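Look at the two complexes coming up: chain A is in both, with chain B in one and chain C in the other.
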Partner chain A sequence: MKRLLSSLIVLFLMVCFVFILLRISPGDPSLKFVSPELNPVLAQKVKDSFGLNRPIPEQFVQFISNIFSGNFGVSYDFRKPVTEVISNHLPFTIIFSLISFIIQLSVSYFLAIWSIKKMNGFVDRLLSKTSLVFYALPSFVIGVFLIFIFSEKLHLLPASGLSSYDVDSLSAGERYADYLLHMILPVITLSLGGIAVFYKYLRDNLDEIFNKMFILNLSAFGLSPKEITKKHVIPNAISPLISVAGVELGVLFSGALITEVIFGLPGMGRLTVNAILSRDYPLVVGCTFMSGLLIIICNLIADLLKAKIDKRLIRGMLN
Partner chain B sequence: MNIRITNRWLLYSLLLLILIIRFGIVFNSFHLLFLFTKLIFSNYSVALGQIDFGLFDYFLSSVLIIILPAVILFKRKSFSFLDSSVSFASFSAMILFISFVFAPLITNTNPEFQKNISVTKLLPPLSSVNAVYSLKNLEKTASYFILKEKVVKNSYNDRLVFADSIKKDSVITYYQKGRPYLLSSSVPFNLEKDYVITKKFFLLGTDEFGRDIFARLVYGARISVSVGILSILLTFILGSLLGFFAGYSGGIIDSFLSHISEMFLSFPVIFLIILIIALFGNSIFSIIIVLGFSGWMSLFKIVRSEIIALKGKDYFLTAKLLGVTNFNLIFSEMLPVISASVIVNLIFQFGNVILAESALSYLGLGTGSIYPSWGSMIQSGQSYITTAWWMILFPGLALFFTLFMTNSLGNIVKVMFNPRLKK
Partner chain C sequence: MNQKYTLFFVILIFVLVLPSCNRNQHEKNDRIVVAIVADAQSLNPLFAFSFQEVNISELLYLSLVQHEWNDSADDVRSYPMAAKEWKWNNDSTSVTVNLRNDINWRDGYKLTSEDVVFSFDLYSDPDIQSRFFGTFNKFYLDKDQHIDLKKSFVINNPYSLVINFRPHSNPGLFDIDIPILPRHVFSKFNRKQFAQLEKGNDSVTCGPFYLYKWNPTQSIILRADEKSFLHKPATVKELIFKVIPDYNSRITQLKNGEIDLMENVRNDQLRELTAINKIKISAVKGREYDYAGWNNLDPAAFNNKKDSPNKLFSSAKVRIALTYAINREEILDEYLGNNGALAVGPVAPIFKDSYNYNLKPIPYNPEKAKELLAEDGWKDLNKDGIIEKNGAQFSFILNYAGGNPRREFAATIIKNNLKAIGINVQAEPMEPGVLMEKIFTHKLNAWLAGWTVPIPIDLKPYWFSDLIQAPFNLAGYKNPDVDKLLDKIDKSKAGNDKNILYRQFQDIIYQDNPVTFLYWIDNIVAHSDRIENFRITPLGSVHHCWNWSVKN
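What follows is the complex of A and B.
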């Protein structure tokens, strides 16, 4: 509970920080909506409607009260409430990152188990080296290479977008197939780096636990290696992974920015960056709040999961 | 016989290779330095007006390429870390270092140089283009300026013309995209003396503006490395100072700083970086500052926990009770203990900064529009993905090798400081 409270305070501070940054920065977003030919009286009215020339403390109080009532204002660019704009972009991001997250976790889990079976064997060494390679490859390099190979050379998969231009004329089944086809490359791009990170983390953890004394003790008792791995090594190795995975999922939810830019996908990352670049203040604050909230929720879920695996942690949490 | 190739020999041979290939430039540059020194004594104001970064760059790298091997040779002891065997990481690190210091000598081309784009654009690797170099009216200028033009490569050159093919009879005709042009036929000129027909070789091809990709890669290494080093310097100062204060004083400062660092850790930093860069401009300094500030959290945590652990150690308490001054306490008792984990963290941070800088450039928010940067090269290459694969492949490889090198270097150093990890 204490953790939840402190993360809410952190979220609040974060949003305040963004607010302060936006207000002390040079430039006036209302200028974009005022053309020089406009009647000065009308122009002043437009400027007033943004509420940016009121004193900063008054703006701040207004801002805080709005946040507590869940009202983030109206996006300057979309001319729609911020909550509506975000709710248009959020479902895609959630689905996209969940798919990628599940792939990352499951693939790295199986690879780690595979390589731990024959420690320092051929598979283990190959996977370790490969994971180092993918760890060092930036996602935009992976993405561009994938586009080059699968879209330009082999003409197998589409290079960008969420759907084909004629998606509306397709039947429901074909439409899902079309979406699926468009998601393959982005999901691979987003997942490869994460797989490398999770794999390395899990493998090192497994390795460390295998060398612990209690494993030796258990095998001295005559437990089969399979049973030891399943019942004692994996649960011990997984619980530190969960907190890492929680952070990772939170970051994914706030938008896989680079991947979205490479493949032109309508996710939270691009929304945030576009809002920042066009100085859409309400939307920036809304996106910040949303991603902070998602990160906190993910961390919380990770904590609860950890507590479920390791009951000792519950007492520490309650204090 | 067992011959071990050490990093020392690798470095010597690489430097020697550059020296042999670019001997003319190094020689001319020394000559220019001599003339420049003469100019300082004879005409101070003119010499002062001549100082610019390009000139200084050529002087520095020419002097360093002589001095560096000598220093390493005579101070064998202090460079004993070079005596280990060559590994992939050390090889990449050396290439990066050499590109950083000797960029003008390696490429001998200005990364922004573009001329006759219709002829030179989007050339594949290993291609070469015919060029006419005019020496007309050159002898009228002072010898200093002739030499300067020979040494320092500018982003524009009036005397050079690229062409698809060049025909030389009584006049010089050159063809660009099938269209013939005459080279200043109106003024009588000496064909043999005034014009030199050469070839310009593009090792890794050219981009959409006819700029040499090899030169851009090498200068891009410069940008990456300097952004990386300056940022981690800032991270180091900020993270270790704050961590030190938090760990040493404890109490309310500690909990406040820890909460702040939690706050930054829980927010995806890339958005914060983009926010700040979008609001305050994307000059190279703002990028260095933002990237430096955004990495302090992990270092802060490490330093703080190390200091807290150190405070309770017996030897530290003893030193304190013996009346060792605070200054000595910090520099001779604390720093050596925490330096290992700090260095490891900074090496990984260096990789992170390079990755972040190239990602920003890829998004069009970095320094890419002003300086050649790997990220922006990949971004511009993406538009020509069907025709010019070399525009993406080489910067991608450079970025990959750099990040791979940093990771393995970090792991090597980690094991070096903490031999328990080695099994």
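What follows is the complex of A and C.
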């Protein structure tokens, strides 16, 4: 409860900080309405209607009173309530991130186990080197490369978009296949870096645990290597990974800008960056709030999971 | 064992999914896909602010008149659209417009004079803040700039109305070119909340296309309205605007056949695209130019509400010297090749009648630049490599928007070229939003930016001395002779006299060089050979796309 309360205070302070930062940083949202084809009076009118001509403390008080009623205001660009704009983008981001996250965890888990079984062998060395390469490669390079191979050369997968234009006319099964097809390249692009990180982390943890004295003791007691790995090595090695995974999931929920841009996907990353570039203040605050909230939730879940694995942590959390 | 199951599962997914690829890759014969960089925020013509939004919304809503580019005269020709015909009175203060009686809204209602008057009412309503707000200066207005409907319009019958203008306001057909909105739909709503109501109401349209589906941030799907008088049996049935933010993805999808048309193709991609049989390249001479802006006013003084000249750039001789010193050809060759041209002023060569052919681009000549600077008193007296005058060094920061490779390259060339004549330039990129704000508030000394010349040509907002009347005179250029000419241009009717005034204007600008005009940029469009009757003009590539058909 205390943890939750402190998280909410952090969230509130973060949103207030972003609000103030936006108001004092250079840039003017009404400049979008300044062009040779538009009358300059319009920009002033729009600025007035945004309430940007009022003193910053007055805007801040209004903002605070609104935020407690769940009102983040109206997006300047979309001309719709911020909550509505975010709710249009958030479901995709959550599904996309979760799929990628599950793939990252499961693939890295199997690779790490495989690698540790073949420790110092060809597979282990190959996986270690390859994971470094994927970790170092920026996602835009991976994305463009995948598009080049699978879309341009092999004509197997679509290069961008969430679905085909005529997706509504398809049967449920075809529709599912259509979404899946469109998601293959983005999910791979988003996941490869994460797989490399989790693999490296887990493999090193496994290696470390295997070299602990208690493992030798357990072997001396006659436990089979399979039993030792399953009951003692993996739980011990996974525990620290959960914290990293919690942070990673929170970051994924904040949006995967590069992947979203390359594949033209409607996620939170693109929404947030566009809002920042066009100085859509209410939307930036709304996106920040949502990202912060998701990161806090993910960290809480990670803590609870860790506590489930290690009962001592529950006592620590309760104290 | 587990690994075997996993492998089996992965293979199964591929087996199930991949066979359906062919269906999705299939090119539909009655569909054209146009790539767009960003999704539209509104297709309601009231709030369609960007060039792209305007182009799409014009396909949904008809205007009284339509414009097309006249290649032979290199000018815009207006022709009837929702209006069947029009007739000006003797002193051009009113026009009688007879409407077509065969235009229906999608819900079956007829388009009438009431809709036209209602549309002008909406566009000029200060509560709505439409994109046309404040642009109806030639109409009778009330104190809020709202059109006085009683004075401005007389409805003769459902298909005929008279539009009255203020005396001596010199109106033209561009003044009545607004997309018409359905009165029976929009009159139901509270005008103060219009902007938020729009999305559900863009289904009642009257254009050659209607909005079939809008997948936010993905695609905008228009379908041909077969009841429209513009519809022909061969008209493309479905027009899709696909959002692809990444340039490389657009190129890949063009090569794949996933899209049929993309604009703003870079020069370095042309050779590769030209080699592909199914892709055609069309280019149109540009009305967009880049320039190096020299603030004629002192930024610090200006922001203290004082009007004092800039110590570095207030002299025309210095500005001309800077133009001599910059190797614009090098930037042009590197980035635009044959798809650009050196600029001499703010009137694009595409406006053949208005363009001043006597003016030749200032050549790259560092020696001449040094000579002019010396004449103005800028000399390297202390031999430190930087010229100075009255103890002040010629040193400044040149700002440009980060993320634009052409301007980044231009900034580097300019920095090096000016260094060679003893000017110390620091080229600094800036976030575009910040750069724009600082330029508009005259806080910068020098910057790189660009303009697109509006159609019809409108020079006053850019070059008139009064900065309130000329919000785009970002360099703070002031010349009473130019002001007189611009006033005369405003009062003149299109024709030879006006063109002479345009040429005189260019003469003065050439002599004063308020900024360094760098180069005109062509719009290069790559499109599939499936599109028939495609024609790109300075008005855009999808303009008149109801004339397109798809080659089978």
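Keep in mind that, in the parts below, the second predicted complex is superposed on the first by the 301 of 319 C-alpha atoms of A that agree within 3 Å, B and C clash if a C-alpha of one lies under 4 Å from a C-alpha of the other, contacts with A are read in each partner's own complex, and residues count from 1 in each chain.
Here, contacts are C-beta pairs under 8 Å (C-beta built on N, C-alpha and C of every residue); 3 or more make two chains touch, one makes a residue touch a chain.
Treat the numbers as computed from the prediction; the structure is a model and nothing was measured.
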| item | value |
| --- | --- |
| Per-residue touch tally on chain A - higher for chain B or for chain C | C |
| Which of chain B and chain C A:I147 touches, first, second, both or neither | both |
| Partner chain(s) touched by A:L22 [first = chain B, second = chain C, both, neither] | first |
| Touching partner for A:I95 - first (chain B), second (chain C), both, neither | neither |
| Partner chain(s) touched by A:W114 [first = chain B, second = chain C, both, neither] | second |
| Chain B versus chain C as contact partner of A:L277, first or second or both or neither | both |
| Contacts of A:I296 with chain B and chain C, given as first, second, both or neither | first |
| Which superposed partner A:V261 touches (first chain B, second chain C, both, neither) | both |
| Contacts on chain A seen with chain B and repeated with chain C across the two complexes | 26-27, 144, 147-148, 152, 261-262, 277, 279 |
| Residue ranges of chain A touching chain C (in the complex, touch as defined) | 26-28, 31-42, 45-46, 49, 74, 77-81, 88-89, 110, 114, 144, 147-148, 151-152, 155-165, 168, 174, 177-178, 180-181, 184, 261-266, 270, 274, 277-279 |
| Complex contact set, residues of chain A against chain B | 6-7, 9-11, 13-14, 17-18, 21-22, 25-27, 132-133, 135-138, 140-141, 144-145, 147-148, 152, 250-251, 254-255, 257-258, 261-262, 272-273, 276-277, 279, 284, 287-288, 291-292, 295-296, 299 |
| Chain A-touching residues of chain C, taken from the complex the two chains share | 2-3, 6, 13, 16-18, 20-21, 23-25, 31, 33, 38, 41-42, 47, 49, 126, 129, 131, 133-135, 145, 195-196, 198-199, 213, 215-219, 221, 240, 242-246, 248-249, 252-253, 255-256, 258, 431-434, 436-438, 440, 451-452, 454, 458, 461-462, 471-472 |
| Of all residues in chain B, those that touch chain A in their complex | 259-260, 262-263, 266-268, 270-271, 274-276, 278-280, 351, 355, 358-359, 362-363, 375, 378, 381-382, 385-386, 389, 392, 396, 399-400, 403-404, 406-408 |
